[in-house]
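Shared chain: chain A. Partners: chain B in the first complex, chain C in the second.
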Partner chain A sequence: MLLKKAKAGALLDAIAAKERLFVPADDRGTSRFVAYGAGVEPRFDLLNTKLPPKDLLFPATETLYRWSRDGADLAIDSAFAETDPFTVFGLRPCDMASVDRLDAVFLTKGYVDEFYQAKREAATFVAATCAHPGRACFCDSIAASPHEAPTADVLLEDAGEEWVVTPQTEKGASAVEAWKPYLEEGDAEPIKAACDLKVDMAAVPEKLKGMFDDPIWSDIGDQCLTCGTCTFVCPTCYCFNIDQDVREDEGKRFRCWDSCMFTDYTAMAGGHNPRASKESRVRQRFMHKLTYFNDRYDMNLCVGCGRCMRDCPAAVDISLIIDRIAASEPAQEKEAMAHA
Partner chain B sequence: MPKTPIEVSHGCARNNGEPYVPQVCRVIDIQEQTHDVKSFRLQTLDGKRPFACEPGQLGMFSDPPYGECMFAVAGVGEDYCEFIVKNVGFTTNHLHELSVGDEVGLRGPYGNWFPYESAKGRDMLFIGGGIGMPPVRAFLRHCLAHREDYGRIDFVYSASTYDDLVCKDDLFNVWPNEPDTHVHVSVYHAKEGDGWDGAVSYTAPYLEQVFAEEGLSTENACAVLCGGPSLFRTCRESLLKLGFAPEDIVTTLEARMKCGVGKCGRCNVGGVFICLEGPVFTEAELARMPRD
Partner chain C sequence: MADVQDIIRERAAALLSSGEVSAVIGWGVGRFDDVRFPLVVKRAEDAGKLVFDASCVQMTAKRLLEHTGDGKVALVARGCESRAVNRFIADHQLTRDQVYVIGVPCPGMVDPATGETLKRCAECQVRNPVVHDELVGDPVPEPKPYRFAEVDRVEAMSREERRAFFDEMYGKCIRCYACRNACPCCTCRECFVEQDKVGWQGKAFNVNEARYYGMIRAFHTGDRCIECGECERACPMGLPLMVIMHQQVRDIDKLFGPYEGGGLTDSGPDPLRTYKTDDIEEFM
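And then the complex of A and B:
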């Protein structure tokens, strides 16, 4: 089945008449997934949006419970609520791969995060492939293919003037069934250019295990401003803080995105901080993305979207860091050389 | 008889509903332990124990409108959970202002626990310093409650001064009267007129001294360690020097925590989360982890 790009507007109107719909669009000087409606111009020509779609499943701030005090008495009410179904239309394969990572974190390893689960189950993901990946894109050598999104409910393969539409899940099949009036029979050849930027990840997770004391961390630490931009624009960074909003005798406790780049992220009462130096925090960020997460969930915590490289004010470039790790000598050899 | 290897379980997380939302509990007892340490007993509003938990597990104690903090559960009774809290920061300062009858939030239990099953039949050497008391106390109390399952029990405990010793009643009146249970207390600094006439020593050298004087053996022993960063480092070294196998040294770690269920990201050591797979690890396991 084919969907003509010129006719996508009518389909979006039809989806939006039934449920909430999120599309990539410009928004107040940036771009992100916004609720489709009057005045929203979808930007399917953007590769990935400046801000990642993770907030659709894991909002930047989310209330966990409300409390109120009356003298010594305390009342606590959970803020958990079911989510109405919604569709995310046009996210890129790298961002779909980031949803796989968030699923692993929030839905496995003993505890299921209900707040995340409710939104995840309500979501239908329609992924659009990238005919011509961008300059900072390197998904095909780290986590995904720009031309596939195996876990998306529906895949839209870019064939120039139209998309080739393929449902990939049951949810996707029933969505496409409802789209029929807007689709055309036929076939087209998807455009499949590869990423220009490549990294060689093969040896990186293992090599990093011997690089805890490598000078690379102080080099990056010197360069990094610890502003946290990389973690907020990253589609896979999921670390959060739990904090509160107080209005006299009542308030709410919420979680909000946090960053391992910040000093107080690990600071303990009494003054001890296991990651007080920039070097140690930078090491944590890259070790987590490229080796710790691999051990725990069997995948990288980087999907090659290039956002952190594009937005870093200090030009910290994860692809160059991976190159440097890949080119480094294994720890034992280094030690042997030092003793020679 | 070959001893059973110490086995610490790390896969014991369980889903207990909404993991971030606390239950309301009432403070039923407060004891002033030292000038800056208080213990609190918490009970549900209908008079029950807030949760069943194993020795070494953690509980998140909150006091709206102030913050919430993770503590090792220091002990459980029929109808309460007990926490020992040192006043070191914003939230703990407010916890110290609580009165009996006040309602607070509590969620948990989180994390794994001490290997009390595989340690059966062993001589137990507990080592604690200052506010490192609560988890050690929970395990020690478990051993005392099942006294016939364990061999000789020694507890080496130190604090900065006599005034800083936590749980003095347990240390001087309760535990020394238990069968084959030996409590050794030192302080780092003796103060004129504080009434202390015992040992004055840092924990690690005092541990080595006690070990020699008491003629202790590592043969069929299990060491359990909890304390601040410098005590932790020096006592780990001492235990290895005394001849303990890394597999026979059990420790409990701490870190800043927010979620308690291995999701929020900050309490990791390498690829493991202290709140979920920890806080209890053997020295052998720590040696394989990055020094994060």
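And then the complex of A and C:
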């Protein structure tokens, strides 16, 4: 089945008439996934949006429960709510791979986060492949392929003027069934240019285990501003804080995104901070992305979308960091050389 | 600028190998030809990694404060970085003898995304270093372009339009604090944002918290801002932060002037924090 790009608008209107629909679009000079509706022009030509789609499953601020007090009576109400079905149309394979990572964190290893789960189960993901990946794209050597998104409900393969439409899950099959009036029979050849930028991850997770005291971290620390840009534009960074908003007799607890780049992220009661230095915070970020997460979930926490390198005010480049780790001598050999 | 770059490399190597400085702060080249990053060189053999050309978009001076503990540090300084050095001295963040300033007159940098002059350079009032230990290259003309066009535009707005302007601006803010971390005026050991026990700054992400952060930071740096524009350049969301800083500079000029911005000397004046017994205000 084919979907002519020129006719996508009619399909989007039909989906939006039924449920909430999110598409990549410009937003006040930036871009992100916005609710489709009047005045929203989808930007399917953007390789990936400035802000990732993670907030659709894991909002930047999310109320967990509310409390109120009336004399001696205390009431606590969960803020959990079921989520109505919604569709995310046109996310890229890297972003779909990021959803796989968020799923692993919020749904596996013995704990299910019900707030995340409600949104995840309500979501239909329609992934669009990248005919021509951008210069900062390196998904195909770290986490994904620009031309596949195996866990998406529907895959749209870019064939130029049209997409080749393939349902990949049951949810996707029923979605595509409903799209029939807007699709055409036929076949087309998807365009499949590879990423120019490649990294060699093969030895990186293991090598990093011996690099806790490597000079690489102070070098990156010299460059890095330790602002939170990389963590907030990253589609997989999932760290959060829990805080509260308290009025006299009522209040709420909420969780909100946090960043391991911030000094207060690890501030302890009493004032000690185990990651007071920039280099220790930088090390944590890349260790987590490239080895700690692998240990726990057997995949890299970087999906190669390139957002952090594109938006970093100090041009910190994770692909160069991976290169340097890959080229470094294993710690034992370094030690052996030092004693030789 | 190739000659300038060669001299910077030579001087950096000489300063490092003689032990006069422990580090030289300049720019390096990223993976892509048009990408520059703040580079701290600590060994003479790495001096060749330093570059200087029209793509050096970052204002690097903030790095000085991280390295002055290791001995004297050299900074490749254009007008903006040199004003930052004065700023640090006036704010008692370092002393003049802790920094070796390799001054470089600046022709203005080019935004690699658009190919046009970087906004902060198009508004620059001081291209030639105001302080230096040596000058590399010939002084450049100071065109002193009008920098209040955006302020004029916002001032001319109706109350409702202005409200919408700031709502849009702070509605986009992701509170990454890149503006603060890049700013040569933001040198508090502990930012109000991180004073969790007091709780000035809420953790939630919304337009109110963002606006509160932006306003407090603006007032906190109001009479010290060196107008380098690095906050605005560093902002990943493209917030027009300099409109607030330029507004303050102009207001201070009108109310307490003449005032042309911070960092022009190493002793202020910082009008909002300067105490004078003959102040025009009677309560003083």
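Quick notes on this structure:
Just so we're on the same page, the second predicted complex is superposed on the first by the 336 of 340 C-alpha atoms of A that agree within 3 Å, B and C clash if a C-alpha of one lies under 4 Å from a C-alpha of the other, contacts with A are read in each partner's own complex, and residues count from 1 in each chain.
Criterion: a residue touches a chain if its C-beta (ideal position, glycine included) is under 8 Å from a C-beta of that chain, and two chains touch if they have at least 3 such contacts.
Small disclaimer: the values here were computed from a predicted structure and weren't measured.
By the touch criterion stated above, A:Trp179 is placed in contact with neither chain B nor chain C.
Of the two partner chains placed by superposition, only chain C is touched by A:Thr30; chain B is not.
Residue contacts after overlaying the shared chain place A:Tyr292 against chain B, while chain C stays out of touching range. Of the two partner chains placed by the overlay, only chain B lies in contact with A:Met268; chain C stays clear of it. Of the two partner chains placed by superposition, A:Phe44 touches none, neither chain B nor chain C. By the document's definition of touching, neither partner reaches A:Phe86: not chain B, not chain C. Shared-chain residue A:Asp113: touches chain B; no touch with chain C. Contact with both chain B and chain C is seen for A:Asn241 once the two complexes are overlaid on the shared chain. Once the two complexes are overlaid on the shared chain, A:Phe212 sits against chain B while remaining clear of chain C.
Shared contact residues of chain A, touching chain B in one structure and chain C in the other: 241, 258, 267. Per the touch definition, chain A reaches chain B in the complex via residues 64-65, 67, 69, 72-76, 78, 80, 105-106, 109-115, 212, 238-242, 244, 246, 249, 251, 253, 255, 258, 260, 265-270, 272, 274-275, 280, 284, 287-288, 291-293, 295-296.
For chain A in complex with chain C, the touching residues are 27-30, 50-51, 60-61, 135, 197, 222-223, 225-229, 231-233, 241, 243, 245, 254, 256-259, 262-264, 267, 278, 309, 311-317, 319-320. Touching chain A in their complex are the following residues of chain B: 11, 13-15, 18-24, 64-65, 67-69, 86, 88-92, 99, 101-105, 228-229, 254-256, 258-259, 261-268, 270-271, 276, 290-292. On chain C, the positions that touch chain A within their shared complex are 30-32, 35-40, 58, 62-63, 66-67, 168, 171-172, 174-178, 180-182, 194, 196, 202-206, 233-238.
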